[in-house]
Amino acid sequence: MFFASDNSGPAHPTVMQALADVNTGYMPSYGADLVMQRVKARLRDIFEAPNAEIRLVATGTAANALALATMTQPFETVFCSPVAHIHEDECNAPEFYMGGAKLTLVGDGDRIAPDALRRAIKAEGNRGVHGPQRGPLSITTVTERGTVYSVAEIETLCGIAAQYGLPVHLDGARFANAMEALGCTPAEMTWKAGVDAVSFGGTKNGCMGVEAVIFFDPDKAWEFELRRKRGGHLFSKHRYLSAQMEAYLADDLWRDLAQTANARAAYLEKGLHSIGAGFLWPREANMIFATLPRRAHQRLHDAGAMYHLWDGELDGPQDDALGCRLVCDWSITEAQIDRFIEIAKG
Amino acid sequence: MFFASDNSGPAHPTVMQALADVNTGYMPSYGADLVMQRVKARLRDIFEAPNAEIRLVATGTAANALALATMTQPFETVFCSPVAHIHEDECNAPEFYMGGAKLTLVGDGDRIAPDALRRAIKAEGNRGVHGPQRGPLSITTVTERGTVYSVAEIETLCGIAAQYGLPVHLDGARFANAMEALGCTPAEMTWKAGVDAVSFGGTKNGCMGVEAVIFFDPDKAWEFELRRKRGGHLFSKHRYLSAQMEAYLADDLWRDLAQTANARAAYLEKGLHSIGAGFLWPREANMIFATLPRRAHQRLHDAGAMYHLWDGELDGPQDDALGCRLVCDWSITEAQIDRFIEIAKG
Amino acid sequence: MFFASDNSGPAHPTVMQALADVNTGYMPSYGADLVMQRVKARLRDIFEAPNAEIRLVATGTAANALALATMTQPFETVFCSPVAHIHEDECNAPEFYMGGAKLTLVGDGDRIAPDALRRAIKAEGNRGVHGPQRGPLSITTVTERGTVYSVAEIETLCGIAAQYGLPVHLDGARFANAMEALGCTPAEMTWKAGVDAVSFGGTKNGCMGVEAVIFFDPDKAWEFELRRKRGGHLFSKHRYLSAQMEAYLADDLWRDLAQTANARAAYLEKGLHSIGAGFLWPREANMIFATLPRRAHQRLHDAGAMYHLWDGELDGPQDDALGCRLVCDWSITEAQIDRFIEIAKG
Amino acid sequence: MFFASDNSGPAHPTVMQALADVNTGYMPSYGADLVMQRVKARLRDIFEAPNAEIRLVATGTAANALALATMTQPFETVFCSPVAHIHEDECNAPEFYMGGAKLTLVGDGDRIAPDALRRAIKAEGNRGVHGPQRGPLSITTVTERGTVYSVAEIETLCGIAAQYGLPVHLDGARFANAMEALGCTPAEMTWKAGVDAVSFGGTKNGCMGVEAVIFFDPDKAWEFELRRKRGGHLFSKHRYLSAQMEAYLADDLWRDLAQTANARAAYLEKGLHSIGAGFLWPREANMIFATLPRRAHQRLHDAGAMYHLWDGELDGPQDDALGCRLVCDWSITEAQIDRFIEIAKG
């Protein structure tokens, strides 16, 4: 009963097999492996973006921080949600990689509203040389609250950024889960809507540790490459990143795993509904923010269920509702979910 | 015939098997996996350092830059060789992670001589607030020229650093190869000689991508951990770093692989001697810097042999000697070496 | 009629005379001038802090950013008001000097409330290595909204910071104005209340360009000195900073000028009251945030009055109230204020 | 007898008078003062560069570090002399402002030789993404050894840089002294020779503390302006920087003072010759590197003469020659020099 994160489960066997398969003989280092050539071609095809440039790194924080550093001057500020991973969960990595640029927090959490973005951009622009200059917009989907921007919402936000000449970064640590939730194409979610660069996640969706950074403007690639090396994120034995990504993309594995994860979350949601749980945000992909009586959490905890409580602790009145975050990865089974619900029910 | 680098060969099957074995069920993320606990215990045992703190990263550049950043203030300078990997091959990663500290280049290449170190440290100390302040000494062994510091040499350099209160970092991307060349213990090469922190390499010696950073003063570990996260080098699915390192250390695999690599290099050296090659530096571990007539390089190139020319190009007078760097990893076979020599001989 | 800022007026003649007086013969450079020795002694005396260490810089941004950089690790976050000068008006200087640390914005503007500070500190502490670590509290008084923290308020905020082991920085660009408003001693406003470091402003209160950074813990001084040099803020002809500060402190000039500026603001406040102006925040020192009908602003503008409109523009309904910021420095005369009111009245 | 530096003397009375003159009434802050408009026009005229953009800062380190930061990416390296002020005397300020870029040291000191520059640029270009990328050339004239690049030498070096597409920065802390030594125009020494940006010093030549940074490509100015603000180097009461520079440029004061300083150094050189001193480098502007018997230094020291010994200490064999650096500013008198020589003679 592991619902703590989609990074606590195993990698998919197909990905592991690809690692074993690529482990023969000699290959050029540092990204010059032939596997990487195939990965590039495949991602360009998937994104309908024949000129896109793609680089691989091993962590989501590296993908985000390096992409933003390539898009942002140190005297600028990035517009993002106050609950964005880049703000709350990367220990100042974006600020570090951007050389001391700032993050401007827009809205109250969840998806950024167009009006809030407009106000924030306007507010940052009225101080001349004294205030930070306007930099990129960075959005996350699936958001850190489990919701998903519609394509129209992405288009609207990108349109606002474009009015001010600002580029757009998309943190897609759960890209596949968002896309499957929307039923759209990768291109519709990104460059067709106005996104300039994507952190395209693999780690949370069945890989061991690999993320692709995609620039639809290929001119950014060389600077990114230098920043990646300078950040210590260029792998000498790069074939092992390439092989993961190749296996992930082959035969729509990435989409299948995301569909499974989303479906499991829907199944869990149904179970939670059936026992009268509350919901802090709507379930739209593979994350659920639910409330249960504290005594239910206690029972689950005693039974070894793993997940994060949300804004509260086990100690307290047993009948009071207490929030929690439940994440389903591709590997969680319906049987585990059934057991979770059974214990929660009491 | 791959002699380009010890990072172009495959990972050892035992390491790959460990990845497959660890790929079951759920595990806490971000270094809290139980495998990491065993890795720490094992490294403490191997280094006879029960209080040492250990963290894993995936690249050597990350290990070096993060270790140095933890040891260096941004207004200081690190003393290192002009051919040090941290100076020549990390695209300013140390300067980036150290927040703009400097590297002071000592000597002319190969091992740092005690007198040169003394002069360099003295020279950096005579400007008060105007010049950079003295920071750590960083040495590499196996050096970037294939030679190995004796334990006595390490002791001498650390002693000089200690006279000035400066800590010492050891870039051990090829730690095992150096240690096997010397026939000493890990402790003798490091803390017993005065080394404070070690980048302990796995990637070049049979792993897929893992390096341990070892601090003999455990008080440094928390700052390192924060810097690792801030650098995007904390793996969510950390078990796959731990498992590599565990397999690498088990049953002396790390030592066996280094012995094999060194032995293959000795075998190659013998072959080169037999055909009248010259040597730019003595072969002491698994790297050889040799000279061959340009026509021999041409033949090898035509036959598909992979290695770096040293200070020159294929075009030119065919009888002239031209340098090259040849690196043996654990996987290179005597048959491949025989063929290399045969072709070189012509 | 210059109310744009207390940095648009002239320096006090006494300060200018001191510059002329010190301009004879040769003096040691870089802070080793004897004048600086006297400045240190005088500030230690004024602050009843015999061990305090003091350094001079020429701008308030330098004072703040260097002080914070000395107190903050790059993986930490500084707690400050969302309208703090360090956040809104220094073009990311603190982030730059701190090596990419973050600012956490507390409250809604004006003075930081104790509860808001407690909540903010708690919220930053629940993510382990993933979130930024808690760093210093930085408060500004006179605040950017013209209000002044009482000594008790400073004590309370410092007490909260102390509970979490966090140091406190005070941005005292208008230190003298705040102190005169409170009628307390420098010590009461600072170290006795729990403040660790102060940016003690001279520029806005009659100097040409000089700020003192005061560390009550003298151990911080050497690091500050190196950071000052590294920031390009160590003056070779340092005597001209020292002489300004010496003149500023002599015969209570600094207090007299602040009293004058505050009194002029009170006089202006009275005039504004008399013509029915509104007030956005209470006038407590030398800054006023008032509202006047747009037609009054238009008349003032046409007459050449200089000040900042607040959250609005001249164009619009002429009867509507529109905010403005009015700052009095020591040099503004009652006659100028009378004229301002007369024109505003219409 | 102050020969320690041209920053230990007083400012010229004309400059001080200008400060007094500008100290009346109110002026826009942050560089919007009218005086600055006149300074810009004057410098464009002097440099025959009607499109040049000019900004003022208060220290030479700020001028150099900010100019280089505007010209250099953090993954690049700046080519400079091993004795360059930016390398030896700025406590890592360039590295700090450039975000961790490197300095590549070219040659053995004094002026950079064309061949050495070519070799250095070539050597930095052979590592692809692994090594630092080639960045600007930075030259200093008057050099830190008192010598002066000829116009032809500057042209040659700039030509080499241009072959590789690298911009050129000139550290002109002693610009006027160099120009007067050459007898050329400002344009000949700079943009006509291929220089892109100049740190044009005032502080060492009669000002209190002001340097102009001149970009011949005006597109760089806005980025520089943001970096200046972010570095805390934008003065609120900017008129006092403008006034110094205006007085410095008016009526060729800057040239007169440099001629005087150079002439005094020539007079001192003659005196030193007359008593048999040796010379470490030829005297070409206002700095002399001479050798005298240690007993002469002892006598001078006892008589209160102030200057830096060069590579040695007073203690030692009294007959041995010991080097020293002697700098003449505009204010040193022939009488002081006569006395110096007399004492040195013994």
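Which chain is which? They are A, B, C and D, in the order written, and residues in each are numbered from 1.
Everything below uses one rule, namely that a residue touches a chain if its C-beta (ideal position, glycine included) is under 8 Å from a C-beta of that chain, and two chains touch if they have at least 3 such contacts.
Keep in mind that what you see is a predicted model, and the values were worked out from it rather than measured.
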If you walk touching chains, what's the least steps from chain B to chain D? 1
If you tally contacting C-beta pairs, which pair wins, C-D or B-C? C-D
Farthest chain from chain C, going by mean C-alpha coordinates, please. B
If you average the Cα atoms of chain C and of chain D to get two centres, how far apart are those centres in Å? 34
Where the CA atoms of chain B average out and where those of chain C average out, how many Å apart are those spots? 51
Flagged in chain B as touching 2+ other chains are 74-75, 90-92, 96-97, 99-100, 129-130, 133, 226, 229-230, 234
Chain contact topology (line, ring, star, complete or other): complete
Would you tell me which residues of chain C are touching chain A in their complex? 74-77, 88-92, 95-103, 105, 127, 129-133
Under the touch definition given earlier, write down the residues of chain B that touch chain C in their complex. 30, 73-75, 99-100, 129-130, 133, 223, 225-227, 229-230, 234
Which part of chain D faces chain C closely enough to touch in the complex? 2, 4-5, 7-11, 13, 16, 19-20, 23-29, 57-63, 65-66, 90-93, 96-97, 203-204, 208-209, 226, 229-237, 240, 306
